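Chains here go by letter, A, B, C, D and E, matching the order in which they are written, and residues are numbered from 1 within each.
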Amino acid sequence: MGSCDPVLLACLATVLLPLLAFALIMIFTWRRPNLSLAISLTASTIPVIIAWTLFFKLDVSKPIIYNFDWLVSETVKVPFGFLLDPTSMVMLVIVATISWLVQIYSIGYMSGDPGFGRFYADLSLFALAMLTLVISSGLLQLYIAWELVGLASYLLIGFWYEKFSASEAGKKAFVVTRFGDIGFFMGLVFLTLFYGSLDIASVNSAAVAKSMPPWLITTSALLIFCGIMGKSAQFPIHVWLPDAMEGPTPVSALLHSATMVAAGVFLLTRIFPFFAASATAMTVVLCISTITLILSSTVGMVATDIKQVWAYSTVSQLGFMAMGLAASGLAAGTLFPGYYHLTTHAAFKALLFLCSGVFIHHFGTNDFFTMATNGGRKLYIPMVTITIASLALAGIFPFSGFFSKEAILGALAQLDNKMWLILGLFGAFLTAYYSFRVIFVMLFPKPGAYGKVPGHVEEEAHSHGGHGHDEGHGVPWVMSFPLLVLAFFTCILGFCQEYLQKFLLGEAHPHHIEYTLLFSAVGCALGGIALAWYDWGRKDAKCVGFISKFPALQNFFIQKWYMDHFWRWFLNTFIYGTFSRIFTYNDRRVVDGGVDAVAFSTIGSGRLLSFLQTAFVQLNMLFMVLVLAGVGLYLLMGR
Amino acid sequence: MTEHAATFPVLSCMLLAPLTGLVILLLLKENQKFLIRAVSLIAAGVSLGLALYTFANYDKALGGLQFVEKYEMVKTFGITYFVGVEGLNAPMLLLTGIVIFTGVLTMWELEVRTKEFFIWILALVTGVFGVFMSYDLFMFFLFYEIAVVPMYILILVWGSTRKEYAAMKLTLYLMAGSGLIIPGVLLLYASSGLGTFNMVALHGAHFSPWVQKVAFVLLFFGFGVLAAVWPFHTWSPVGHVAAPTAVSMLHAGVLMKLGSFAILRVAMFLCPEGFQYWAHLMALLATIGIVYGVFVGLAQTDLKYVIGYSSVSHMGIVCLGLSTGTIDGINGSVFQMFAHGIMTALFFSSVGYIYDRTHTRDIHELGGFSKIMPIASAFFITAALCGAGVPGMASFWAELLVFIATVKVYPVNGLLAIAALVVGALFALRVVQSTFFNTPNPKFTHFEDVSPFLGLPRMILIATLVFFGFFPQTMVGMIKSAVVPFLQGM
Amino acid sequence: MNVMLFGPELYYLGAALVFFILTLKRQPQVKTDYQIAILLAGGGLVVTAFCLFQHGELFYKAYRVDLFSQIFKFALALAFFLVLTISHNLAHIEERYHAEFFLFLTTTTIGMMLLVSSVELLTIYVSLELSSYSLYILVPLRRGDGIDVESGIKYLLIGAVSSGVMLFGLSYLFGATHTTYLSEILPQLPKLLASPIGLLGLLLALAGFFFKLSVFPFHFWAPDVYQGAANQVTAFIATASKAAAVALLLRLVALGVGYGYHFAQALVFLSIVSMTLGNLVAIVQKDFKRLLAYSSIAHAGYFLMGILTMKEAGYVAAVYYALAYLVMNFTVFMVISEVAKDGRDLKIQELAGLYRRSPLLSLSLIVGLFALAGVPPSIGFTGKLLLMTSAMNSGYFWLVLIGAVNGTISLYYYLRVIYCSYFTDDPNLPPVTISTPIRCLNYALIAIVLGFGVFPDRIVELAKAAVKTVL
Amino acid sequence: MLVFNQLETYLYLALVLFAIGLYGVLVRRSLIAVLISVELILNAASLNFMAFNRFLAPTPAVGQIITLFIMAVAAAEAAIALSIIVAVYRKLKSINIEHATELRG
Amino acid sequence: MSLLSLSPQAVATVAFFMVMAVTLIGALIAVAARNIFHNVLGLALCLFGVAGLFLYLNSPFVALMEILIYVGAICIAICFAIMLSEPLYLPRPPRSASKILGGVVGAGLVLVFLGLLTRKTQWVPAAQRSTDWSVTTLGHYLLTNYALIFEVISLLLLVAMLGAVVIARGGRGSS
């Protein structure tokens, strides 16, 4: 492990440059936007170059591992190191690229914001954490990065902290993901104690099954999955992600769709063999991800906030990825389908968000009905790219989503129980419906027809946050450039399937085309688009959505399956209402009260005893005589 | 335990630096404010420098006690002045140095009875240094009390919010703890039959199991009061609320560690069998403290109360680590003492800055401080995040070690404690949100942010947290060099 | 006969004579009288120090001069001198009686000096009475509206009864041993303890010393007298008188090693009750001197803790603590007498704002009170811990535990006083001006209290040497 | 054995005197009466000494001397006590011990 | 005639009982009578009795001193004090039963206690007993073995005298 090893240096640079940027900006230049931008951009460009170079030049068919001692206690040994293998390489490229694009995009989006420097510092922090997460060699290091990512997410969601909803959302995101992370942490503790190593390579090896009983593997896997649930917003702790949209849109694009939330799925792929060792765990994963898929798709159908739609879409797609991975795990398949979808999703979902960001930036509202009314379709570049992205999301040939979805559905089809496949298809149908709901509304606005849309409020476009914009000029190139790049990826990624597969698995599986599946998938997607057209696009569309036929269901969806209510109720009733109150009461009355009681009784006994000192000296002397007699008696008795 | 005599009396100098400062202060006039502050700062700085020196120059490979100085104090009763450094107390000395140095800087603006304030602070610090470096039980206890009592006056004169009650409660509570310590210490002294207070020598004495059990429980609860072991913690929030900034810093940052350090150094070291007997109780109380602290903290609206209860919770972690009696656990525990000390100091110094200006600590009344004073807020938020166990900060590692060790020894307690982390995060962020985010209260918008000079102490604290967050081995290696022989001795 | 052996006593006898002559003057010259007095006291200190290492026996072995007695004589001379230093404003004693005040103070000192050297029961009794009677006179010498004589008569009554009881006990001792010489009683001790009447005689005989030391249940005079007597007189009672009583108790108890389990247990009982009662009742006091009286009752319990160990270490600790107690208690009384310049009784509240009115006095007060409370780095802490160490070494676990808990209780009321002086303020109260000698005295006392607290070795070794002479 | 030639007789007698004196001290309100009772106690002690002196002591002089000294002490005590009583009367206008109740608690 | 027939021992015994009675009755009067003057008289009576007992105890010198000092000095002093203080005609407060009970219990306890002990104790005379009862020896002792006390007593008496003067005069002087 010579320090002159260029690969190691590259890894270190990838990780340390953002750290340096973060520190520099936070300590010195946060008041100076341009300088901060320069620092941050430099620190994010170099990793992109490194990532792509490594991706193409480095042979990682045999994982490259670097390990250093970070902390050595007794049982606990934490190495700091890098693990470069296909899985991490792909993710490294994704993260570095999107993060770089978003930084460029933000030059336009965030211009003039008073917290510009801070924004870039936080982005750098995120880059540091996320890159470390991706290439870390041990699970504990991964966990650390994982937490740091959460921290960055917290800071970025609450970026406009003056807004109550933003800071609240940040808090919610942090606490809810933390909730999952606790499980993750416990899982790691179990692994440490019962297996002894947290090295990813070692965890993925067959040695695990030998040294741990199955129930322990299942428990550990499920606990680790808790973390994944939190980070990747799986039911029932997905509630933070839609709220996280309170952050600036570039943040949503970067963290809450493309990379950070995908970290959960990434972890699942990272230790896929470990998970695959426990069928029970995989079944649980499958169930949860399916519920997530359906839940979020249905909620996405009724959302009026464009970012909410994409947020729920993200949740559902993450669920979809997890489904794919779980299905592969159960059917002894590979991690490819899920991971492939992760890749394509990163591109098109980032694109969706960035496009929406342009609209939001332009119109100062998040309500896509209002955008449409105000002429959103006139912004050509974003409109075109958002349509491309939606097509990809819906899974229409030849966009990347088609291929990756099809891969997942293929994995689901391999399961004995076809219910999963049907549910997957149903999810695809819903996805197409809600994504095109947005597209059609934007493309064919019907001003005045949206009054009945639940949740939509007719309002003037308002200035957002404090970063107003000048009417008239078009989309600045710093914002459109990333859109174009991402659109390019969205278009071509589908055709890289075999290349990627080869890269990831070392061998390209022959691509069977199951036509039944293919047609049913495309059929579902097209059906969804058609329904969207019927409801929103055509000339005399009612613009209420088919779901309004079932008011109860619609309401259920609008209330997001009451999950927020449930958690709020849970928090209020149990945490604040029960434990906190009881403990506080106990602290005041019982514990502290007891202490005070001791003190007061001491003083009281002092007062009582002071009556012994009467003013009547003879009484005192009598007492004296009696005590003396008592002592004398004792002495004589004891003799 | 091998002992290596010092070539130069570093430790005595460390101890004498604040004392000399104190004497010089006595000679100064109250209105020579700058001189007073400067002298205090220099005194603190010298100690800090020496603490750093010992920390850096401690030979881990050699191990044992280094920089040892021994002078006989009272022959008849076997009292010696016996100081030394090993892996366990080197971090504590460093902690004390850092906290006092930053504490003096934090209180730079103090105008009321400045001289007396610094006199008492320096007296207190002398005691703290003394405790951490003493290897003679008598001197240990002597310094222990020196460290505790000035608190009364410091809170009483410069404090706020029910200070009379708080000061009295705190002092009496801690002295009640001493009331248990004295019999415990003396029981060991008497039953050893050696007629010496030398801890290293006493370690070699064979105490009967009965003596060990009794002495341990006395010492545990006696010192535990200072370490805010549940249910003897109620002085801590009240006291912290009332204390002035630097005192809170010192108290929560250093003094509470005296308690836990003493449990380790005295109780566990001298009564291993007693420790084994009571370890479950220790773990139980610690776990209750962890869970309890966060839940009660959740319901508080006073910033300092919140921090106070978070301290209860964090000290619970320290205690939990000790109760495991494993290398990991104790490593983590001592590390947590250090990390929590720095973190709490940062907490209090940030809150102090805000309170000094707004004169309120009610989180509902405050708000939007990130807008008004971004730097001050950043300090607090950093501390809060550290408290929530975010990686990259020193306390993360400490908690990690403790939790893993605990799950190994006491699975249920360990898992409960880990679960409490969620609530811990919730309560840290709750405070951050209502104080620093949202719309600023117009009453407070005219306040100025921290000046670079006043920001310096906080920066030092943050830098320490981050340094040990990134290079935990510096600390863990140091601690481990002592813990391994320590546990072998047990 | 070596005059040096009897030097201090003779010197003070001479001093008494000088004061007696001064009382005869028609026109009192307060200032001159005081100057003479302080000079004589200082001389006494020198003489006593000079005679510190004398040893020998006088008056047909009724009187023994050894390091033990000489140390206590020095302590008494010191107390005498210290009390005189704060007697520059005897505001509550009429000017024409100042010379009498000095005279009686001298005679009581003589009485105590004789007491610590006496090794014969009758000598002990008579010198005890000499010291007591002078104090009986000093207490009502105060100018006051009734509490002076009230405390005086109560003091006298309880004292008279105690000494009567003691005398009655001595008579039984005499009957049982046929002698009044301690050295001759010693060989008969086992026999004495075996006979019930001897045991009881011993107990009754101890009553007189318990009275002096204000051990429960003979403590009732203390609060009243402390409050009722003039500040300086109280200071003397609280310092010198206590030291003498400890010395004598030590001498009596050190006579034999085998007092037996039950005798020790009885002392344990008295010790525990004394300290607990004293500390608890002190909590509710409002008058500062009264509070100190209860504190002295509690301290009597601590003294007993060392004495009842019946071992050398315990005696050493007790001697050390007696000396410590003298200094630290005096420090507090000095503050009282300086703050209450007009000689009034000081309510605790009247200490308000002392930190502003006189920073030095407030510092002395804190140091003194912390020392009394047993807070380091003070002579009181070290002393108390040594006492507890020796008690623990003798196996009195519960006694130590209760003693330690009592330390906490006592801290409460000391802190209340500190609270008043340091925190509360009353703008109506004027600054306290103190003269340069008193200022120096303050520094010296603080230095002693802190210095010997941290470096107690010299004193401990001295005490050890002293104790060795009586064993 | 003759009753007056028996040690116990005197001891009992002294004891009774002592008890009576103690009773007086504990019960009488008048300060002077209390003083009188104290004198009884001292006398009881003297009687004891004399009795031991007569029946047990090796040298008969010692007990007598002690008794003489006790007398002297008693006289001194009486002088002081009486003067204080007079002072009490002047200030409190009463020599009833129960009227001196300023100090308590 | 019958009186003469009694043996000297019997006479002495009877006289002894009379002396004893005088002592006890005197003591009782001294504490029980409500008139303070009667108390003094009772004390005097008792002291006479004690002096008589001293005679029985072979010590006419001490008996004489007893009468001289106690009856002659102390009782007279008390009488003066009575006259200087409270007038006798003032109404006396009624007896308090509880107080008496307390006194009886306290004193009775001591009495019973020590009485029992006295009874149980075996008093052993000294092995060698001198029979020198002369006053000369007494004086010799006073000036040798007890010289110190002798001196101290003189100081004590001086202090008492001075003190009595100062205190008794004090109140008057200031008014």
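Criterion: contacts are C-beta pairs under 8 Å (C-beta built on N, C-alpha and C of every residue); 3 or more make two chains touch, one makes a residue touch a chain.
All values derive from a computational prediction rather than experimental measurement.
S.K.: Along touching chains only, what is the step distance from subunit A to subunit B?
M.R.: 1
S.K.: When every step has to jump to a touching chain, what is the lowest number of steps that links subunit B to subunit E?
M.R.: 2
S.K.: Mind having a look at which chain is the central one, using mean CA positions?
M.R.: B
S.K.: Where is the C-beta contact count highest, in terms of which two chains?
M.R.: Maximum number of inter-chain contact pairs occurs for D-E.
S.K.: Based on CA centres, what chain would you say lies at the far end from subunit A?
M.R.: Result for max centroid distance from subunit A is chain E.
S.K.: Mind checking the centre-to-centre distance between subunit C and subunit D? Centres are C-alpha means, answer in whole Å.
M.R.: Centre separation, subunit C to subunit D: 27 Å.
S.K.: On a C-alpha centroid basis, what's the spacing between subunit B and subunit C, in Å?
M.R.: So the centroids are 41 Å from each other.
S.K.: How far is the middle of subunit A from the middle of subunit D, if each middle is the mean of its Cα atoms, in Å?
M.R.: Each chain reduced to its C-alpha mean, subunit A and subunit D end up 96 Å apart.
S.K.: Whole-Å distance, subunit D centre to subunit E centre, using C-alpha means?
M.R.: The separation of the two C-alpha centroids amounts to 6 Å.
S.K.: On subunit C, where are the residues touching two or more other chains?
M.R.: Correct list: 122, 126, 129, 133, 136-137, 140, 152, 154, 157, 161, 165, 175, 178, 196, 200, 223, 284-285, 412.
S.K.: What are the residue numbers in subunit E that touch two or more other chains?
M.R.: Those would be 99, 102-103, 106-107, 110, 114, 117-118, 123, 126, 146, 149, 153, 156, 159-160, 163, 167, 170.
S.K.: Send over the residues of subunit A in touch with two or more other chains.
M.R.: Residues 610, 613, 617-618, 621-622, 625, 632, 636.
S.K.: Taking all chains into account, which pairs touch?
M.R.: A-B, A-C, A-D, A-E, B-C, C-D, C-E, D-E
S.K.: Spell out the part of subunit A that touches subunit B in their complex, as residue ranges.
M.R.: Result: residues 26, 69-76, 78, 140, 143-145, 147-148, 151, 154, 158, 161-164, 166-168, 170-171, 174-175, 178-179, 182, 185-186, 189-190, 192-193, 575-576, 579-581, 583-584, 587, 591-592, 594-595, 599 of subunit A touch subunit B.
S.K.: For subunit D, which residues count as touching subunit C in their complex?
M.R.: 14, 18, 21-22, 25, 31, 34-35, 38, 41-42, 44-45, 48-49, 51-52, 56-58, 62-63, 65-66, 69-70, 73, 76-77, 80-81, 84-85, 87-88, 91-92, 97, 100, 102-103, 105
S.K.: Which positions of subunit C touch subunit B when the two form their complex?
M.R.: 313, 316, 355, 366, 370, 375-377, 381-382, 385-386, 388-389, 392-393, 395, 397, 400-401, 403-408, 411-412, 415-416, 418-419, 422-423, 455-457, 460-461, 464
S.K.: Using the touch definition from the top, list the residues of subunit D that touch subunit A in their complex.
M.R.: Residues of subunit D touching subunit A: 22, 25-27, 34, 97-98, 100-105.
S.K.: List the residues on subunit C that touch subunit E in their complex, please.
M.R.: Against subunit E, the touching part of subunit C is residues 13, 16, 20, 23, 58-60, 62-63, 94, 96-97, 100, 103-104, 107, 110-111, 114, 122-123, 126-127, 129-130, 133-134, 136-137, 140-141, 143, 152, 175, 178, 195-197, 200.
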